[in-house]
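After this come two complexes, each holding chain A, first together with chain B and then together with chain C.
Moving on to the complex of A and B:
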């Protein structure tokens, strides 16, 4: 099946950005080292908690270890702070002028760029991290998913989660049209987003009332949900329902994002002559 | 039937201002003062297909703002603009297919990948059919001498090489109109010449309408049939270059080389001729003649009567000076 011609334009942007990002091997190596460090650190902390816990935790330790390794391996898929300086530069220096005189939607071009950048980074990191984590000593070892269906649902939910995340991060870029500096909105999105996505404390370990709040926002669908599908914490039907909800969030976010972008462009001022 | 029509276009920007100093910076935290800058004030002109128009004015005159409005990037506050039947900012997505834009101070090429990759991307973005793209690329490669540059990453190109690639990138989709915002900025003489020659060629061969802003009057002299001058957002002059020259460039510079003799003091020359002297030395005199007031042959007659002339050169005022005088006249 050939993609529609309009899509091809965005695929092309995606392709060049992917090739562009895959060049940065040293950065990826440094990233892998950091992620191992964090992974071990978190597992040690949680092991200590679990060994002194008196009640039955809502998630078993091996499930939690897997959850943490997945977080590290797919960091680029779930981190809001993962940002494209180039796009910020385009807005604040006025180079956006060129992007604006292209046919097609700016939203689509930027979405494709951000997506490609994240995929490139994940491609460089996920295999070495997961490959190693499967062969670590018992208490640090990553588990395989319980069955093939769970694995399949995991891949679908992970990719949809990525699409949702890019949809959220587009709002950071759109906000720069108004604020001229990305740092405020980055900070705001990071602090709130990462907490609500279960990046600081895994969502299953949160108190029930907090979990209810978390599920009102799209953030947990980007990271927490696919990882729990992988570990079997969510069963097949729950996973399928979750995927439907991811699709709904994606539609809502992209629709709102495109509207916001149009609005922002109407009042845009090209910086610097 | 004009291809570009602007009617009473106005655009203003709100600029936050504050005086220097910590106290004022602190005050600005609570209440900001804004001033409105009128970037464009009631600009109207029409351009026919196939014209090359030089759009000139000092820095901050509103040249780039006009280009941005015409390329659909900025929305004016008031006025109408019809280009090829489109309103640029309203029909942006379909309209931009017909135009090419070069912003001399910005880059549209991907910094770390070979030039050809950026071109391929543009082909997909503009949906240029493959045969047409090939033809276009071949022609551009040949006339702009790009063949050895296409496989090089952009970051390794010199400014002149990059500018040639930028211009090629803006023409891959065969636009009918080309907007050039300072295309020769920072280029050396050779690159400038190449760029000018190329603009002439595509104008003649493809019939592309070209609107060009520049501070380099040689660009104007080499390219533009017509100039539009704006200053402080207002349209000041719109006319043929030749007319401008005959209207404002009535001064000729006459350089006379003569044999020095004791009894002929060159200092007396301006009084005798009734003209202004720029430079007087033994054996050489440079004088300005205003052809509106004095007849040049009369002046030359007097010169030969008084001096033993070895050589005479008459040059018209360079366009640069004409424009400078115009700026002065309009208090820009």
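Moving on to the complex of A and C:
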């Protein structure tokens, strides 16, 4: 669809941003410590729940432990709110005018920027976290995926999930054009989105009626789905169908996002300054 | 105290400048713990009970700690964002004013949107205490109040402690999140479900266990003798806060300006 030269432009934005974000290694280290703390905490809570369970839960405890560690390792792929004061600042200070002068479509630029940020953050965190989680004592240990095919499907679905997630988060930035102060609209969106993505409790542990609602929204396709592919909770055919659905969501989100961005830019008022 | 009120009213007016955002934030704050308590409820629906605790009892734990956190974040936010004062060198200005640094930093920022969160937790608390079977006595009610107050003070103490660290590190420490958010997250369940080292740390070093788990035993009538002791455990929070203040004073004396 796009000419290759265009694509190259977005790629270079992506590369610059990636290098920029990778500089904050100390911050990442602190982040890793925090993530371990969360991981341990959640596992302890769930173990306590499982030990007093009367019926067979829909997900085994080792599967759940793996799910939790994946969540911690790929937190950057789940959180809707990835602090980017820069983009908000651009809109509220009026510096957006510069961005508009740049060649190329704003949607693509920002998309590449946000994508790079998330990948950088995940790159710094996922290896140390997963590397350690494989060797923890038994009750905290992370499992390997059941077979090679599941591992492959996991990687595909994880990447697609990331693309879907950035597609969703673009709407947050577009909304700032209307509200000017980002935090309000963001928080509400965030709270609901993260719940539906299985951040508060994993989707399989939710009651059935709630799961039906969850699957109507794109949020669970970002991270919950790939994690369950990894743990073998979704089998190969189910995983393949899911990946198709991810592709459909991605197309819908990007198309709508670009339309919304065009609308927003048409009525944008530069605040001087 | 008068000065504190002045700070309050000024910052309140400044935050009301962005009305839509303020209300959206408040509503958002209302829903944040809402999804959490909903999550806990779903877990109870799935699993039945949690090591002998039922949902109402855990909800009391949850509500107490979230109320404390909300109040503390509303008023002690200045310490939470203290790193920016150090980085910009603005702390120098506070030092030359004839008021205590504690009061000035405290008054430098308030987050009124936390009222949303407070409202939500209060509703949970009222509902949970009404549905759990408790024989109320005046002392028990007093203990409950003390639990919230003490929790607030512990969170404020942690904010102060972390702010004090900025005197040496200049930059704020992300890792401090473990103590504030992590502490909140952890203490929303009864402490007993965790491993022993966690329980020890959060009882004797940072006394979160003393603001909900231990006194709750008393309120729910589960103590074996020694009721007075259990009802007074929240006082440990005040001791913790006092120690934090001493550390703060120590930090201020060792402050070296960044000069910018």
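Just so we're on the same page, the second predicted complex is superposed on the first by the 269 of 273 C-alpha atoms of A that agree within 3 Å, B and C clash if a C-alpha of one lies under 4 Å from a C-alpha of the other, contacts with A are read in each partner's own complex, and residues count from 1 in each chain.
Criterion: contacts are C-beta pairs under 8 Å (C-beta built on N, C-alpha and C of every residue); 3 or more make two chains touch, one makes a residue touch a chain.
Everything numeric in this text was worked out from a predicted model, so none of it was measured.
The superposition on chain A brings chain B alongside chain C with room for both. Within the superposed three-chain model, A:248 lies out of touch with both chain B and chain C [touch as defined at top]. In the superposed model, A:20 makes contact with chain B only, not with chain C.
Set against each other, chain B and chain C differ in how many residues of chain A they touch, and the higher count belongs to C.
Shared-chain residue A:191: touches chain C; no touch with chain B. Aligning the two complexes via chain A yields an angle of 90° at the C-alpha centre of chain A, spanning the centres of chain B and chain C, rounded to a multiple of 10. Once the two complexes are laid over each other on the shared chain, residue contacts for A:101 go to chain B alone; chain C is not touched. Contacts of A:34 after superposition on the shared chain: chain C is touched, whereas chain B is not.
In the superposition on chain A, A:266 contacts chain B only, with no contact to chain C. In the superposition on chain A, A:9 contacts chain B only, with no contact to chain C. Figure legend note: chain B and chain C, brought together by superposition on chain A, show a least Cα distance of 6 Å. According to the touch criterion, chain A has no shared surface contacted by chain B in one complex and chain C in the other.
Residues of chain A that touch chain C in their complex: 27, 30-31, 33-34, 37-38, 41, 44-45, 48-55, 57, 179-181, 183-185, 187-188, 190-192, 194-195, 200-201, 205-207, 210.
Contact residues of chain C toward chain A in the complex are 18, 20-25, 27-29, 31-32, 34-36, 38-39, 42-43, 45-52, 173-175, 177-178, 182, 185-186, 189, 193-195, 198. Contacts from chain B toward chain A in the complex involve residues 13, 60, 64, 68, 71-75, 92-94, 96-97, 99, 101, 103, 105-108, 110, 112-113, 117-118, 120-121, 124-127.
Note for the complex: chain A touches chain B at residues 5, 8-9, 11-13, 16, 19-20, 23, 94-95, 97-98, 100-105, 266, 268-270, 273.
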